[in-house]
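We just call them A, B, C and D in the order they show up, numbering each chain from 1.
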Amino acid sequence: MRELTYAEALREGLRQAMRADARVFVMGEDVGIYGGAFGVTNGMLEEFGAERIIDTPISEAVIAGACIGAALTGMRPVGEIQFMDFVTLSMEQLVLQAAKIRYMFGGKASVPMVLRMPGGSGTGAAAQHSESLENWFVNVPGLKVVMPSTPYDAKGLLLAAIDDPNPVIFIEHKLLYKTKGPVPEEAYRVPLSQSVVVRPGAHVTVVATSIMVPRALEAATTLAGEGIELEVVDPRTLAPLDAGPIIASARKTGKVLVVHEAPERGGFGGEVVACIAASEAFDFLEAPIRRLAGLDVPIPYNRNLERAAVPQVEDIVREARRLARGEY
Amino acid sequence: MIHSDAHLRRMMLIRAFEEKAEELYALGRVHGTMHLSIGQEATAVGMGTAMREGDYLLNTHRGHGHCLAWFGSDVRLMMAEFMGRETGYCRGRGGSMHIANVDANNLGANGIVGGGLPMAAGVGLSIKMRKTDQVGVVVFGDGANNEGAFHESVNLASIWKLPVIYLCENNQYAMSMAIRKSSNIADISQRASAYGIRGVTVDGNDLAAVHDVMAEAAAQCRAGEGPVLVEAKTYRWRGHSKSDRQLYRTREEVLDWQKRDPIPRYSKVLGYDEARLEALRKDVQAEIEAAVSFAESSPEPEVSAILEGVYA
Amino acid sequence: MRELTYAEALREGLRQAMRADARVFVMGEDVGIYGGAFGVTNGMLEEFGAERIIDTPISEAVIAGACIGAALTGMRPVGEIQFMDFVTLSMEQLVLQAAKIRYMFGGKASVPMVLRMPGGSGTGAAAQHSESLENWFVNVPGLKVVMPSTPYDAKGLLLAAIDDPNPVIFIEHKLLYKTKGPVPEEAYRVPLSQSVVVRPGAHVTVVATSIMVPRALEAATTLAGEGIELEVVDPRTLAPLDAGPIIASARKTGKVLVVHEAPERGGFGGEVVACIAASEAFDFLEAPIRRLAGLDVPIPYNRNLERAAVPQVEDIVREARRLARGEY
Amino acid sequence: MIHSDAHLRRMMLIRAFEEKAEELYALGRVHGTMHLSIGQEATAVGMGTAMREGDYLLNTHRGHGHCLAWFGSDVRLMMAEFMGRETGYCRGRGGSMHIANVDANNLGANGIVGGGLPMAAGVGLSIKMRKTDQVGVVVFGDGANNEGAFHESVNLASIWKLPVIYLCENNQYAMSMAIRKSSNIADISQRASAYGIRGVTVDGNDLAAVHDVMAEAAAQCRAGEGPVLVEAKTYRWRGHSKSDRQLYRTREEVLDWQKRDPIPRYSKVLGYDEARLEALRKDVQAEIEAAVSFAESSPEPEVSAILEGVYA
């Protein structure tokens, strides 16, 4: 199959959605002629014009709010927050309005919007441009939270998110934009709330999100050489979470490592662990459930510190190996 | 404005609704909190009568009046919502601060001060993209005017010439904070100049004046000439909410404003005498009592349905 | 000992801090003549004047920012956000500035501030006035997160928070303001990051926060009548968390119920479960670790729905009983 | 302003620092991103020379210049920070976007557009409460001016008469967004009227003009007369950051602004000929090379110390 980068896959998804439905439009800072800070909307201005690829002033609260207002009145906005960090300025609109409007109004209103934003560290942009805030949104009933880890999922989940009648927080990863993978040409959907086993294995379950999925797969390759088989599970949609495949895998391997980039404390890993620890998998656990996550530190500028602040392939290898060997 | 008995009746219905709400609250028959707009009815009705069916409303927390002044409003469904019943506008999930009538493009009251402002820009954008001649009205208070959301929203509407009327109800206070302490300008409408748009201050207790200013603003919006900031100066007679001891203002000030009651003022314009006014009052009260009966005979939501509507 | 309400205890703590240190001041919406939306600062304007009990316009971003700026330059601000919900408007300043300044500046700057805010439901104020967002802050390295459950802790933790050289998010509960308890007159401190066993018991560990502590204690009284002894642990400071007493208790009882008001999904309960599931207590667990938390729903207005949305005493009784009886 | 060779040298040092930064970046010797203020040096130095030691600075992401123009700045520590070394201002934890010199009341650059604005009000409040005659300066861009934070902060400073100078560097663009598209007014300083404060627009490429406006603003602040909004009109020569293809502006426009280079302009005021200017340039470049050597011979932070400084 044809290969695209993650950024290209997203762009293709956006294009297809916009061609198919005149209600879909893109709005954000520098999404037009600039093509977006990470180039995702590159060239889209030419095809769709400034009325559907809309550059906004630097006003994150109103970017979110404008998406909500437009969604409430018949449009299908796809907003972009230039870096996930800046969504801290949009929280009131997202959490107190978008997430609650349907429920507060007795189910009579709908906010079909997608808000895209790149999260994560690794670009040397330091503490204010490296946030991984996904678990905030997971904690907000009414929102859906998506984090694709491959070009294939990026396109398919984006199209599904745009179809979805609920507000969807769509979290991309800066380091994934240039990664390549097979992407079909047609406008396929990857259903929301479907976790997937991306690599089967007998010994240790690794539940990983976003950039940690390719890292876990790399770790799995390394460990396979040692006879340790990792089963890698990618939730893809963090909320509402499809816990079934995670629990089934935990039950099968009896050993679980949860890996994410966000700081461990209060992160999404706790949610995954708690789902497993309360489930029927509990009786099959052979070792403590371990988390491997970002250190509880603002992302440092220095390259070495930045790298050390979040899980790398070798960290996953080390932790999974210990679990497999019964060292916990 | 073409004067009409219906306008007077509408103001009186709002007044009666809120007086009843207050009473129900005092009797412990509703819980939660509520914000009464008694004394401010002319702004709500002046706004409502100036807009067209199909326009959009984004309302404030002090929004009973605007909701009742909006197209197709049904006081029974409002009362039922206020009393938390399944038959209410929001099936009892929203309550006083969140009454919406989505079918009539009333996109709801808002518990967040300034919460409707960012969304208003999106409503305007949507109208522009869909190329209809609708207008969006967002109502907010003098306090809300100091939220960052105001700045971002008005700026956006200004540069994109969105058909949005920013209606600031300056009732002089935000809870205990007097507008003269929370901002350094004489009229909130002056802020329009920071965005290169038109700003107007109007007597918010004069129904016809509010109507005319709003109608003109709506016409400007429909002509594609962009947003307008309207400031309606008025006064809240009651405390901010249930628990307000009102230490921040004097009794005299309140009494002084009560002399400018918009209801007798407009009834004089219509040439009503006390008897006719009293008859109307009775009529309106009967409607309110019927609404209470409707609400009280309505079921409460089923607890088992609690998760319904979180997602579509 | 003398009894005070939770609100009075907070007020006494504030007064004592302000008397002892001219750098301490209070700032927020309606904290002056109005006395605060929940009366906590009632009467303080008279003692300290408008220069130290400062009413602000409705501008939550700048309330947080002004605290940070003042803290950076030698003051000790105690800000108030009128309802926790509105802190959604302050997130950029709290998360990207307050929490990170010390670290980003190489440890050379300090942000000694406290931001008080009431969380929780139960007053009939519906979805936009009932948030329980504590786990957002737990997920932010650089912040401390405190949630007192008694008048005693309210005062002692507040004084400790004001002393602390780090930014502290201080979360009160609306329904606790009128609860009474013994409060010493002197300006005592309850150290941050000290979990406490508030009731010892042999059969089930209940880890509860804020209002769920008194509810858990009530449940414990009920179950004691059935011969089931709950051990109730109150973390008091959620971040940095003192996990020791929680793990020790889990190890002792082998059965754990984590109770909080915030929505279960992505909530602080996951953090507690994950700390236990990865610890030496794992080998002593006799049952799945259970969470009992708010439903994943915006808080509804209707009284019955509102009550059903978050754990009540009878829910804790039911869940703890099942755990004790081995029904999980 | 009293003219001085030191001012010229300072502008040239900033220029040289940033040209070196660009070079190091191109060579892959630094990572991350950076924002160059080449062409805007007069604003930074005009600001720095107008303030007093003890005043506070809250800086932007495009802040190398202001940092170097601030009291006690050490270009070696800046370079070391830029290169992520333990000897840098922030021990290598901050980088280009977060350089601070807290000892000198330089409270740091900010990666968040408008991020310094809310804090600036707190700095002003603190000065007022401590009853010193300090002043706080917050620097932000034309783009930042559309953030809600601007509105909330200026309003607060206005009502409390806080000693804060809001220095908006209008370099015409926020990334690809031209100011004429992101706001509907001719001068950003017009926004002062929405808060009842003084607003001034100044030629940001004229060092003396910037100095004089800032000195006057500082005097007003010290006199307790409240905040001032200063808009300095200038132009960014380089792209927004490393990855900018600059499709949003013409080459002519850039060239046109380059003719207004503040450095030769001020050197003429001082009566420099090309030879003297060249000598100064060499001198400044030597200082920059020394800074690079200092940085490169400095250790990187120990990975084991990664958690140091998260909490006190």
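As a convention for this text, a residue touches a chain if its C-beta (ideal position, glycine included) is under 8 Å from a C-beta of that chain, and two chains touch if they have at least 3 such contacts.
Since the structure is predicted, the reported quantities are computational estimates derived from the model, not experimental observations.
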Farthest from chain C by Cα centre, which chain is it? Let me know. D
Using the average of all C-alpha atoms in each chain as its centre, how far is it in Å between chain B and chain C? 36
Mean-CA-position distance for chain D and chain B (Å): 45
Where the centres are mean C-alpha positions, what is the separation of chain C from chain D, in Å? 40
Distance between the centres, which are taken as Cα means, of chain C and chain A, whole angstrom: 29
Identify all positions of chain A at which a residue touches two or more other chains, and write them in rising order. 57, 59, 61-62, 85-86, 89, 92, 96, 103-104, 126-128, 141-142, 240, 295-298, 300
If I count partner chains per residue in chain B, which residues reach a count of at least 2? 90, 92-94, 98, 110-112, 115, 146-149, 152, 155, 159, 181-183, 310
Is the chain-to-chain touch network here best called a line, a ring, a star, complete, or other? complete
Show me the residue ranges of chain D that touch chain A in the complex, using the header's touch definition. 31-33, 84-85, 90, 92-95, 97-98, 110-115, 143-144, 146-148, 174-177, 181-183, 243-245, 247-248, 300-301, 303, 306-307, 310
Can you tell me which positions in chain C touch chain A when the two form their complex? 85-86, 88-89, 91-92, 95-96, 99-100, 103-104, 126-128, 131, 133, 135-142, 239-241, 258, 262-263, 265-274, 276-279, 282, 285, 287-291, 295-298, 300, 328
In the complex, chain D touches chain C at residues 56, 58, 88-94, 98, 100, 102-103, 105, 107-108, 110-112, 115, 117-127, 129-130, 136, 148-149, 152-153, 155-156, 159, 308-312
For the complex, which residues does chain C have touching chain B? 29-30, 32-34, 37, 55-62, 85-86, 89, 123-129, 295-298, 300-305, 308-309
Touching chain B in the complex: which residues of chain D? 146-152, 155, 158-159, 181-185, 190-191, 193-197
